[in-house]
């Protein structure tokens, strides 16, 4: 297939490379153009402006946040006007339910297809085509995107025909990761303050009840107090919890654990930890315990 | 070895059976004597009073709560007085750090050994000798208990020389399970209210990020709304979170997520759900969302 | 002065009447025109469309929420275009900090004045000209509004030159009222469940430590379980706490008590209590305690 | 009347002086005897041991915490044994509901009277006989204590015949004060970070909606960041919130705002602020906001 790709950050670069590896034709665009160079070397066409990527079967956006997607789609020189009728916009970054609903409506009016397909996985998984794709949209449109999803991930879950459904699932998943981190943060502070070796404790947890990798990954970062090299920053985590809470508010679902996560991440960011990994929740719990 | 065993509830019965299966000599005692019958058929000696179980290398207590252990050990006709010097009391039920510390001191004064060895696992795991044992105590004493732990579980973790350390680890583990349940409860309420199929959602979670069995077990109960058959009751869950918070308070560790769990479980119990499984946190989250 | 007045709800009607009583010339507009009739009888001019109220020294908006103000100011047939340069828009309803900032900028560009002047007080106080006015804006503009504020309230507080400052103060004040209600709700549930007479308890509180009328008013509603006749609805309360949290998020201030209020109010609304007074927090606390 | 008085801390010294001023005969006892000297100068008899104070119509305990009362009443050389039948123990310090229930039972068995009569007021109010007394117990016993209460406070509230009722009321009152402090702490952090003058803001609050002295007192301490001179220490506040939560737990009343207070006070204490006034909640809120 011929695929336009907008957004070559840590996730997007790996994903575009995976598409190329699967022999798709890829036209990439990024505001800072030098990020496109490694992909050009692997065969990508580099577009000089957003509207050049629309000469494609589908255009993927993998941009930082709502504002970036909003401006690319609705801003001047915009995707919405440039994309021919019948083509598909696949929004793969983590965006709000509200924006996904606006995109659904706008693309429908423009007789274009819109598929929401956020992904689970960190940059390493993106580069290795090991993402999990959560897709939602009109069945025919989703079906046509299958080869793309197959090239990007190890498995695709279609969760509904309403695109925003996929965004809800993605946001709830990030909330659950946040809950794991906060739980581990408090538990590790407790056992450390009671003289238990934190590393041995984590080994016990992850070889018995909590074998999921997310416990190993984040537990390890907390035990080592290693939060400076942000795989997923506190500010990003805060953004996603905020979006989960906004969706919960709009659909009237109280989520007190999400509120707690919001307050703790906001504390980290307010105290200057914006650039820390969101596992810095562990540092906050330790600090609050006087450790 | 010759082992005294006090407390033949759902966990204790399976554990005593595992000891017999491993060819240990077991003397059991239970307040309501009929629970001892199936074990007698497998070769256990049935004691008529608590003090008769003390003619053993070690005596295991697997009793409901602090009060039960307190009364058995310190009450009239009590273990503390009856147990010969040099023998070992292994406290395997989930008790408070404070009681474990009192036991440490009392047994030391009586020149007996005391090992705290709470377990992870539900009744099925107890019956199948698949528990995880978390042990702490004087190395020599713990070492002598090894054959017992090997007969009961699939793996033993020695977490320190201070017995109460094992209780902290056990309580923190139950807290982490509670955190999983609350997280799933809120996430499932959110996605259900947004039109996502909850069963499919759970499959997605447990085949990607959250492969640990605890997610499958409790997620399944929440999705099905099946809380009547309590594997682990809300009142017990509340008790354990209360003990975790007491230990946290004593060692000055704020645990806001544990506080949240406490308040939610207390709501369930206050509204008459004492006998429900603690996965009823899912029902509470649904009800609070108007589902 | 000649004053345009938009929004004749329970608060606005009383305020417009106070302005007439103070001999100001008042041109009123309301979507449902019949609400203007009683004011016409007292001497108000009734405008047939929004733009007719702009032939005035100042135009007051006292509308339900952000959306209403947004649509009146920025919508088609809008205040922003119709208001002559040099005139003043006084936004007196409770709006978001973000909207107040947008208004600041838009009116500045249009060479109009903008003063934020939200008020404290319930409808009775509005009708009796007993409101407290919290004003912020350019000193000269605020100064010219003085006769208006004097006609509406018993006292005016000027809190800064940045209009949004007044909105922050207003939102934080509503948050503090919400905190009083939640505190009383929990305390009253506790004492009732322990056999204390709730009415006598409230008398004790309000004649000793908590003499502020807000304790008497809301405590009385909670004790009587009288939440059907909403002086200030749960949905409005939720909206204001949401705006307080949005302002707190934007300025990076964790407010866990506000988060708690949000979750409790959201529960009330999700369970169908949208139209109840926000003192229904008391009913929720009682229900959660099994009362 | 002839009154025994145990506990000459900041509160107790003022109270004993008030009793002397009202012409009661007072026998005082304090562990560190020098605290009795000023009272001896005003006419108090100084007892050398606890049991000497029991030659009185009533004995008041005004001791630091549960442990102190427990040890004085039930310990060796104890009040329970020394107090003649028919005499009255008035427990006036803030103790747990559980201890008050134990005292009720023990004194009944010893055919003594027991009245719980905790007080509201800071040391200045104790010295000025301006306390509020909250009493509960058998009507005849309470009635006989009236002259004592009249000498100590400006008003007495009899809240029931079950002594522990008075303790519930006292604990819930301290919880409500804590709620005020936390509310103010968050609100002040919010407005400060948005450029509002905190002192002016507090004046606005306390001259409009929140005229109760508790807002002025604690708001002032927060605005000035003056927490070193503890009128009521964070550790004491934590103790009282803990007791309120214990009573709430025992009677199955979820109190999420009390849980929040517990976690915040625990953070202060864990970080070394044990000796700070509990208004240090304001410092914590400011710190968490990066101020």
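Things worth noting here:
For reference, chains read A, B, C and D in written order, and residue numbers begin at 1 within each chain.
One rule holds for everything that comes next: contacts are C-beta pairs under 8 Å (C-beta built on N, C-alpha and C of every residue); 3 or more make two chains touch, one makes a residue touch a chain.
In this text, all values refer to a predicted model and were calculated from it rather than measured experimentally.
Shared contact partners of subunit C and subunit D, listed by label: A, B. Seen from the C-alpha centroid of subunit C, the farthest chain centroid is that of B. Just one of B-C, A-B or A-C has an interface built like that of C-D, with over half of its contact pairs in common by residue number: A-B. Although subunit A and subunit D carry the same sequence, what matters here is overlap: shared residue numbers make up over half of all numbers found at their interface. Per-chain Cα centroids separate subunit B from subunit D by 38 Å. Averaged C-alpha coordinates give centres for subunit A and subunit D that are 52 Å from one another. Remark: subunit A and subunit B have CA centroids separated by 38 Å (rounded to whole angstrom).
Within subunit A, residues 248, 252-256, 260, 264, 267, 270, 288-290 each touch two or more of the remaining chains. Taken together, the subunit D residues at the contact with subunit A in this complex read 256, 267, 270-272, 287-290. Residue ranges of subunit A in contact with subunit C, taken from their complex: 242, 248-249, 252-256, 259-260, 262-264, 266-267, 269-270. Interface of subunit C with subunit D (complex): residues 97, 120, 132, 134, 155, 157, 159-160, 162, 164-165, 168-169, 172-173, 175-177, 179-180, 182-184, 186-187, 189-191, 193-197, 200-201, 204-205, 207-215, 244, 247-248, 251-258, 260, 264, 285, 288-290.
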